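Each in structure tokens, the structures are laid out below.
Shared chain: chain A. Partners: chain B in the first complex, chain C in the second.
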Partner chain A sequence: MLQYFASLNFLTLVKVLPGDIAQGLIWGILALGVFITYKILDFADLTVDGSFATGGAVTVMLILAGVPTPVALLAAVLAGCLAGLVTALLHTMLGIPGILASILTQIALFSINLNIMGKANQAVSVDQYRLVLSSRFNPQAILSGAVFVVLIIAALYWYFGTEQGCAIRATGCTPSMAKAQGININTMKILALSLSNGLVALSGGLTAQYQGFSDINMGRGAIVIGLAAVIIGDVLFSAILKKRQNFAVRLCFVVIGSILYYIVIGIVLWLKMPTNDMKLFTAIIVAIFLAVPYLKERSRSSFTRAAKNGGKQNA
Partner chain B sequence: MLDLNNVCKAFNVGTVNEKCALSSVDLHLEDGDFVTVIGSNGAGKSTLLNAVAGTWPVDSGSILIDGQNVTGLPDYQRASLLGRVFQDPMIGTAANMMIEENLALAARRGKRRGLRWQITPAEREQFHERLKELGLGLEDRMSVKVGLLSGGQRQALTLLMATLRRPKLLLLDEHTAALDPTTAAKVLELSDRVIAENKLTALMVTHNMKDAIRHGNRLIMMNDGKIILDISGEEKKQLTKADLLQKFAEVSGNTLENDRVLLS
Partner chain C sequence: MKKSVCLLLALALMITMTACVGGTAAGSSASAPSTASAQSASASSAASASAAASSSGSASASASTSASASASDTVYHIGICQLVQHVALDAATKGFKEALIAKLGEDKVVFDEQNAQGDSATCATICNQFVADNDDLILANATPALQAAASATSTIPIIGTSITDYATALGLKDFSGTTGTNVSGTSDLAPLNDQASMLEELFPDAKTVGILFCSAEPNSYYQATVIEGILQGDGLTCKEYTFTDSNDVSSVTTTACAESDVLYIPTDNTAASNTEVIKNIAVPAGKPIICGEEGICSGCGVATLSINYYDIGYAAGEMAYDILVNGADVSTMAIQYAPKVTKEYNADICKELNITVPSDYTAIAAN
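On to the complex of A and B.
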């Protein structure tokens, strides 16, 4: 035991911190995409696992083909939008339940991503190509990531304040009301799912550059990490800002949730937990955060409690 | 203002539960008519309203609103002509959005929703005035989330939203059924006022006979997917509950033995 603690070096933890922050920022973009579907549209979209890898694949292949990085990223965003569009059309035009529609797209994207890359992974070296960010230069990566995040949050804040953005919010909140106000809820679902997966693919494209390669499995479990960030962010948001809630701040907290997630993962790895158990660990974190509101409510009123109180009166 | 010609709608076709919810319904509303619709459970009252609103397509017949044939249009495309208040106070407004945001959504009913900001300062002024007319103090809480309002407040807000842009026809679907009696009376009184002030044409479903008699200038009674009674003018003004029960027995050959209607 003593040996274990002696082997932990606090300095190594500090050293990996910039990397955690950079990754948190990049994945924060994915989390913003998940926020749009999960929180605003009330749609459990699992397309994310596929579209994240699509973003990585498109970005890397285009960069390798000599396309300028910003153009490659833009193409990745469009590919992601297209993936979201497919899920939305499966759901709205063909009547497939949302979660199932997104699983179908996700599994289809696995083949499509393999076709884009030609093989299971493709490297892109920061030494040979001009990349936006790389894990080799973490301070710059943090800066680039932060610039993306700030621009995206500003754009989302504006968009969801417009007539169209409000129509999407109304669709997610109360579909019957949206229809009564003349909103075509199918169109709104198409817009939101496309926008969301476009952001997810951007995050995938940045991740591929950051890690120096794109991999067919890089999106596995991405939705769970996105949910973890959204939920951690939202719990903190409502705990810290009780009344004065602002949409832009709420979006910031989603990204903060993502950064915190990566810092926690960094700490857990520092504690020498096996890397193989990371997905299990993530699932447990998300399960706990999802369960907390329910258990809190139950502690206030539950049948067990009612039986206890009623039992006392009878005795 | 509203013309239903020979409208039919059946549910669960081809199963043992097949039910003809509307059978050859003809109904014509004049401009300014305020019609109350009454009938026992399953008589087809709400089905009639949903047919007009375009919740689903009808099996046959045609529906015209203000002369425009809307038979082939889904609900959101008819929305520019209609104002709707639902039975469930939770589904007429968006709980996660502010009062003013809900009103701004309603102010754009039937219009293209582009990338302009959702609400203009002039609209905010206007909403403030209109909310003030409700007399519920909501004008000072315009940036409050609708989810924090009571059921009655939400129904009043839905009513305002339904009439913010003058609809050709206002559809009220048992919109006070989920409220306590005092609040229900207030919302009904408000509905009366809004309809009178804006000279609206309205169709109000209710299961409360007294309300059906007291409100509106015309009363129709439904049974088994058909309109079996249509009373208007002087006759409607003189109508009593006893008359209505007797008439129902005469027309349908049954007594109106539905507790929900009798007790109300």
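On to the complex of A and C.
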């Protein structure tokens, strides 16, 4: 036991932080995409697992073909938008339930990603190409990641304040009322899903550069990480700021949630916990964050309070 | 700020060391490994600690003696990043660890063994950890692990194992045995040429060969392409049958059996986990399977020319020893291939399919 504690070096934990923060920022972009569908549009979109890998595949293949990295990333965003568009069309035009439509797209994307890359795994080395970020240079990766995050949050803040953005939010809140107000809810769903998956693909493209390769399996479980980030961010948001706050602040907390998620994983690794149990840890962390607001709400409800203040008398 | 942290650590190091010296004076050899681990815990700060110690006059003497003492019994820290828990990869990791333990001694090497559970993005997180730990060497077991490690550091030596083709894995354009960077290691590339001749030797009448593998595995794709070229050069018709995951193994295998005379399965992880399904389709259909490695062959194959993952792991361990102790330059070390291959056959399936193998084949021990 003593030996175990002796083997832990706090300095290491501090030194790991930059890597975790960089990864958290990159995945924070994915989390913002998930936030748009899950929180704003109220649509369980599982396309993410596929479009994340699509983003990575498109970016890496274009970089290998000699296209400048920013252009490659832009193409990845467009490819992601296209993936979202497919899900949206399956849902709105063909009437397939949302979650099924997104699963169909996700499965289809597996084959498409394979075709894009030509094989299951494609390396892109920071030694040979000019990449936007790499795990070799973490401070610089944090900077680039932060620039992307700030720009995206600013753009989203502006967009969801426009008439069209408000229409998307209304569609998510009460579709029937939005429809009654003359909003074309199908168009709004198409827009939101495309936007969301575009961001997810951007995150995939950055991740591929960060880790130095794109892999057919890299999107597996991406939605779980995205949801975890959104939920952790939301719980923290309501815990720290109590009241409803500025939309941009809420978006910031989504990214903070994603960074926290990676820091927690860093701590789990630092504690030398068996990595076989990592998914279990992830599930437990997300479950706790999901349960806390609910339990808090319940303990505050009028019924519980009534029971506390002399429930016996009334019974 | 940084200096005071270093001083604190130096103090802590000395306290633990004096405590342990006191322990050994009492005659307990059991505290020796704990000395090692305490030393190793702060190994990353050892250099800075001794630098800080020299500024505080009285401590400098003891610090320098400890430095000279630790030269002979340095404890090496090695981070092991394995893509997924899997019989072959586990065997390679085991071989690597046993090689280093055999050469360095149990208490001279500390392994930080992590696996990414098949999630390639987690490899980056794990490798970040190793770099932050300032480990002496990283073992990357399987392709995505190697790529993540190579991306994370250009200074810490990286030894790969179970990598089929280093040029593909690292995106190297001109590859001639060495990578020229901080990466070297052992390859699990099966002797494809010899496997192709084995197939032709055992089944001279075969016209069409079905190559069965998982489309998500770059290693299999590479082997399939190579062996396809060899077989087609010899006048056979080849067709690839790929499944995406374990769910469609059975339907793809059925199609492959219907359309080919002989099947070939490379060293494919998904196939390795699904040999029972493949066997239950191929044996009733009367189609023999030549496999890339022993594990798959013992499950569903007829014969194989197999490499041993333990062996390539062990060879990787020996390379690591050369780098750590003999100061070999990793960038000039040639990629090593499986030291020996054996012709093996699966007695049960051969009997069922009425195939007699030449006498130089050995039967795979029943498991």
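What we mean here is this: the second predicted complex is superposed on the first by the 294 of 315 C-alpha atoms of A that agree within 3 Å, B and C clash if a C-alpha of one lies under 4 Å from a C-alpha of the other, contacts with A are read in each partner's own complex, and residues count from 1 in each chain.
In this section, contacts are C-beta pairs under 8 Å (C-beta built on N, C-alpha and C of every residue); 3 or more make two chains touch, one makes a residue touch a chain.
Predicted model only: the values in this text are computed from it and were never measured.
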First, second, both or neither for A:137, with chain B first and chain C second: neither
Please indicate which partner A:157 is in contact with in the superposed arrangement: first for chain B, second for chain C, both, or neither. neither
Applying the touch criterion given at the start, work out whether A:185 contacts chain B, chain C, both or neither, answering first, second, both or neither. first
A:247 in the overlay: touching chain B, chain C, both, or neither? Say first, second, both or neither. neither
Considering only touches as defined above, state whether A:119 meets chain B (first), chain C (second), both or neither. second
Check whether A:174 is in contact with chain B, with chain C, with both or with neither, and answer first, second, both or neither. first
Of the two partner chains, chain B (first) and chain C (second), which one does A:166 touch, if any: first, second, both, or neither? first
In this superposition, which partner touches a larger number of chain A residues, chain B or chain C? C
Output check: A:262 vs chain B and chain C. Expected answer is one of first, second, both, neither. What do you get? second
Could you pull out which residues of chain A sit against chain B in one structure and against chain C in the other? none
For the complex, which residues does chain C have touching chain A? 5, 9, 16, 34, 37-38, 40-42, 44-45, 85, 110, 112, 114-129, 131-134, 143-144, 147-148, 150-154, 168-171, 173, 181, 215-218, 221-222, 244
Chain A - residues contacting chain C, complex: 2-3, 6-9, 11-12, 15-16, 19-20, 23, 64, 110-111, 114, 119-128, 134-136, 138, 207, 210-213, 215-218, 220-221, 262, 265-266, 269-270, 272, 275-276, 278-279
Can you tell me which positions in chain B touch chain A when the two form their complex? 53, 75-77, 79-80, 82, 84, 86, 90-97, 101, 104-106, 108-111, 113-118, 161-162
For a test of understanding, state which residues of chain A touch chain B in their complex under the given definition. 159, 161-167, 169-170, 173-174, 176-185
